[in-house]
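Dropping the structures in below, format is structure tokens.
Here subunit A shows up in two complexes: once beside subunit B, once beside subunit C.
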Partner chain A sequence: MATETSQSDEARGPLQRWTQSAIENPERVYRALFYAAMVFFMFTTLFPFYWLLVLAITPEGRLLSGSYLPTIDLFGISATFPLPVPQGFNPQAFLEVFNQLPFHLYMLNSFALAISTTVIVLIIASLAGYVFGRLDFPGRAVLMLGILAISYFPPAAFVVPLFEAFTGRAAILIPFTDIPLFTPPRLLNSPGSMVMPFSALFMPLSIFILTTFYGQIPDGLEDAARVEGTTRLGALFRVIIPLSAPGVATAAVLTFIAVYNEYFFSSIMATSPSAENWSPIVGGILSFQTQYTTQYNLMAAASIIAVLPVVILVIVAQERIVSGLTAGALKE
Partner chain B sequence: MSTDTAGAGERESRRSGVAVRVMRWMENLSDTQYAYLLLVPVFVLLGAIALYPLLRTFELSLFETRLGQGQGTFVALDNYIGLLTGEKDPVLPGTTTFLPDTLAFDAMIQSALVVTLIFAVVSVFFETIIGLGQALILDQDFYGRRWIRAAIIIPWAVPIVIQGMMFFLMFNSNIGFLTEPLANLGILAPTNTLNDSASSLFIVIVADIWKTSAFMALLILAGLQSIDRGLYDVAKVAGASKFQQFRYITFPLILPTIGIAILFRSVQAMRVYGIIDFVSGCETVPSLSCMVVATFLRRQGTSAAIAFTTAAIIGAVVMGIIYWQGEDAI
Partner chain C sequence: MANVKLEHVTKRYEDVTAVDDMNLDIDDGEFICLVGPSGCGKSTTMETIAGLTIPTDGEVHIGDREVTNLPPKDRGIAMVFQNIALFPHMDVYDNISFGLRLRDYPKDEIDRRVSRAADIVQLEGMLERMPDEMSGGQRQRVAIARAIVRQPDVFLMDEPLANLDAKLRVHMRTELQRLHKELDTTIIYVTHDQAEAMTMSDRIAVIDSGELQQIDPPLVCYNEPANLFVAGFIGSPSMNFVNGSVSNSMIETPNFSIEFDPATVDGVGPGDDVTVGIRPEDVYPAGEAEDLPSQTAPISARSDVLEPMGDEIFAYLLLGDGETSMSQEAATDDQLLMSIEPDSEMQEDEDVEVVLDRRKIHLFDSTTGAALTHGLVETTTGDEPGGTPAESDD
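Right, the complex of A and B next:
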């Protein structure tokens, strides 16, 4: 650059210089916009976690004692610091959570419910995915549409009769008749009353993911296994499922996260939020909100503990989540 | 296994004899029979947990059932008529109505139907815009993309109850530091923020946008990545700016994906329950699912009628999706 222009550049100040170069080279504007947007999105997605951390390590006595936005003295100019900061340091809150409530039991319940639902969904959806992905038979399109349609209905449309059935007081009647089928056992406050609705609710997504993956295995591999003497089911479990391991992992991760996230049935089918009633973390966190109404640090600490498993799962399995959501949801 | 002479070996072979017979029977089924055989578990599960409850909900909605009265009396469509005329409004919690009394804003946000629609439309609108922005960023190649993507996906995986806790703690009038500045701007009520319908609706929508934008972003990202990169090379040679490339290549090509994603999300948004129940409560922000839960122990008939109306509205949207996408849907 010639000395003349650089001198005039200095005279104009940094902002004008930047504007000048931006006009000459629009690429830089896009870069700047790109990084600005990236920082903005990172901030908005991660900020609520930071706020939980701030509250969790603030000692209980100082929770309400002052503003979380401290005033700072910056070379004589006082300004409000734009980020909330903790008012003290008290990591004991993370242990106190387990003293107040058996929070580990709620977490165990959540894990047990999520894992058993995932296993059931994977087995049933594997059979269905094989059928839809590899067999051609009359009624295939209609059945897939039916499963798709059911997956769109809100849980609220199912809850009234399911709750009635799970109380186990009266026999289940065939709808619109008085013919009794059987009297169900009382399932409220047991894992069955949650695992069954979860399985039905989240199975369609797994069926669509597995249909896509199983459909991609070349026919020749299955034929070869059959010629070697495996049975039809053997070919599914020894050839197709192992070859589609990424698809099965995807379906498993998504089902696990979906059950861990579930609120509707989790809060209704356990009639009181206590760990003995198989209430998952929904019950644990709700108890903190309703019983320990001012111990905001414990609420925040419990939330951080309970969110850790899914955060780790997302970081480890993000490729699977991305491919599963896009494959499954767009197919749907 | 009748006599003691039958040894372990014979038992073994007899059991496997049954297994062999079942296997042989399965081998000889036609493709269609085999397909339906493997689908039996799906039919049983969905039949028991989805189809039966749906039919039963419709049946219950035709009866006037109160707590502890058994089946109740058959009232045909009275429950639905009662909902539409406002006769059933006293059954709903708080001052909630099903349809709005007047067209004033205050009456609108007391109406379960309108609140659900406002929630769905506003949250899906912002989720689409933010999701598009996030997808455009994730579509670029840059150092650390993996971590940025994980950070953007994480809110989607956060359990609803913890999402609720985050926003409860951010906007609670005792401790939430966001209430005061936003109240000064006139957006939120300064005191009892989470018992004020308009403020709570705003907070619940913000919470939903925070959590679900990532889902939109992933759907749109799939659309972006299916675009043929060669098109951009052609555009560059022709001298198109980045904005022109977006306007004339990217946007038209991802429009169908965005359309599907919007419909898909709208259907999900109309189910909203958990975040409302946790952050403010069903009396403050009455959504349709909320009303079902609030009434189903005392007034089964009314509850079932609301549930079936919700299902019918969603069903209509789904029919639209399937009709619009046609065979591509499968």
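Right, the complex of A and C next:
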């Protein structure tokens, strides 16, 4: 070994030299690995969007004919281009989406459902987060565990009984008896049938996030607010929530996106995928597929349009989250 | 402005009693310090006054109202917290005006009061700043301004100076006293620092293990401590304690004896165990004590460590064949701390003779800790009831 280390560079092979430099300079290897991983994840994340774009601007007649991978002739050598390219240029699809269906109404439905769910979740999860994060009471751990357990239930487990209830035909019974409690109103095809289960399903995550954030606010600040003249609830809304802005933003964004993308419940609670029945975006996109035709270009265009608001929301919210972290340092 | 009254206030948690049957009667306009070691229940006592903690038993009165179960906002109190607790997302103006805005005061009234409060605590021109742009002392002043702007009946201050550096603390101490003079509001002040309590308050309430030990003006607590705990807690460095037993004419301690007539003090008889307490400044080198009217027989000791403080020197003396011990525990029988003049000739590790000022000797019951007498009288003086300071009779 001693003779090997004293060998001159020329005496070693390229692999040996490379290994030696990697050992001496591990940062370079880490950076190279980081870039490799980044490129891989960027590719797997962005490629579907690129493919949607290719499909959306390909004219309808050429959708199912020809190849998306063109053959290129370059200096006499012919090869297949490694990325799919559109077969033509037809941006009309982005307008056609709104002509064939009232796609904007589907989007409005999704927005309305997502915003109302987010508001409901934030209010209730804030109260729960305050209780779990700042109060000490017997059974807190058990209750928290219960919420955790429920959040792991598959949503499909709830869908049949909820559908039954929301038809408005069956009365809710006291468990294990035949004694009716009340008959719920018919909620199918209305926002209530979707906002209620969404709120319940996405609540646990928000409760966890807000519990962590509210629990970190020093007791002294809440005490100070109460001495200064707020109730506990007032202290929550005037001091604890503003100071937990990053947590609240995170919970809001996650809930909003989850509901905006939701399909399972809404496809069942809206008995037909029409905008009047509060069917959301995914329902609209699937409506471009009929029994005999599938307009892939329109579905792709609609998907891209539907993604845009979420992209904007995430970019804006990211800034909000960062500004929330530095709220103490800067004047609002 | 209002007086504050605690009647049999008790706060029990699952397995601890934080406050045990606390009775306090605080006068209107009084500056009172609740003082005690960490975990003694002084903060909990304050929280029951503030309404942040509801007592298990007992009643709290502020002014002529019973407020035991009222929320903090309805008690007419303002509080300054140990961790200052400014709202980090609001600027100074918003912090100070928080309580006023909650109560829907008109805008110009808020402006007027905020600028006056800022004036009192010398924060002019800083109203636009955010809390984290300010120094510790400035933040503390904002917290005080936030408290005074509402013109509360009672101020509660929970170790407000604990997080400041030493110099600033002394400065803020003076400012608080000035503030008290100016506002003339009842102030209840919690601290573990007996020096703060001594310098600022009209009366000190010494608390230990959730129980009120003594409530008296600072000098009374210093000169006539009600029990061993108060004697050891008030004063720095703390009082020397030596265990002894009473005979017919003497108090015998392991290393020296003091002439003593048990008949002069109620509740003491020959054979009783007592703890002798003497403050460091009441121990004198035998040679320099000619002008003491009443002194004990010389006690021989050996000087151990000298701590020059500038204006005085603390000398640790070892009595008898005492082992060197740095322990500050009560009743270290073999050790005596004395305070001597800074120009004293005393060296470390030499034999010295000291005398105690008989008028400043405190006797405590060794089992209950209760004070028996403050100051030993000459056996010829005759009867004297226990607990009366001897110096007033000399």
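Rule of thumb we're sticking to: the second predicted complex is superposed on the first by the 274 of 332 C-alpha atoms of A that agree within 3 Å, B and C clash if a C-alpha of one lies under 4 Å from a C-alpha of the other, contacts with A are read in each partner's own complex, and residues count from 1 in each chain.
One rule holds for everything that comes next: a residue touches a chain if its C-beta (ideal position, glycine included) is under 8 Å from a C-beta of that chain, and two chains touch if they have at least 3 such contacts.
These figures come from a predicted structure and were not determined experimentally.
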Handout entry: First (subunit B), second (subunit C), both or neither touched by A:101
Key = neither
Practice task
Could you say whether A:242 touches subunit B, subunit C, both of them, or neither, answering first, second, both or neither?
Solution key: second
Handout entry: Touched partner set for A:281, first subunit B, second subunit C, both or neither
Key = first
Completion exercise
Between subunit B and subunit C, the one with more contact residues on subunit A is chain B
Practice task
Give one of first, second, both or neither to describe whether A:231 is in contact with subunit B, with subunit C, with both, or with none.
Solution key: both
Exercise for the section: Look at A:114 in the shared chain and tell me whether it touches subunit B only, subunit C only, both, or neither; answer first, second, both or neither. Expected result: neither
Exercise for the section: In the overlay, answer first, second, both or neither for which of subunit B and subunit C A:93 touches. Expected result: neither
Handout entry: Intersection of the subunit A residues that touch subunit B with those that touch subunit C
Key = 231, 329-332
Problem - subunit C - residues contacting subunit A, complex - result: 50-52, 71-73, 77-79, 81-89, 91, 98-99, 102-103, 128, 130-132, 146, 150, 156
Practice task
Would you tell me which residues of subunit B are touching subunit A in their complex?
Solution key: 23, 26-27, 31-32, 34-36, 38-39, 41-42, 45-46, 48-60, 130, 133-134, 137, 140, 146, 148-155, 157-170, 172, 174-175, 177, 210, 214-215, 218-219, 221-222, 241-242, 257, 260-261, 264, 267, 270-271, 273-275, 277-278, 288-289, 292-293, 296, 300, 303-304, 306-308, 310-311, 314-315, 318, 322, 327, 329-330
Handout entry: Parts of subunit A lying in touch with subunit C, wherever the complex brings them together
Key = 218, 220-221, 223-231, 234, 239, 242-243, 327-332
Completion exercise
So, in the complex, the side of subunit A touching subunit B is made of residues 26-27, 30, 34, 37-38, 41-42, 44-46, 48-49, 51-52, 55, 63-64, 67-69, 84, 123-125, 127-128, 130-131, 135-138, 140-141, 143-145, 147-150, 152-164, 172, 175-176, 196-197, 199-201, 203, 207, 231-233, 257, 260-264, 267-268, 281-282, 285-286, 289, 294, 296, 299-300, 303, 306-307, 310-311, 313-315, 318, 321-322, 325-326, 329-332
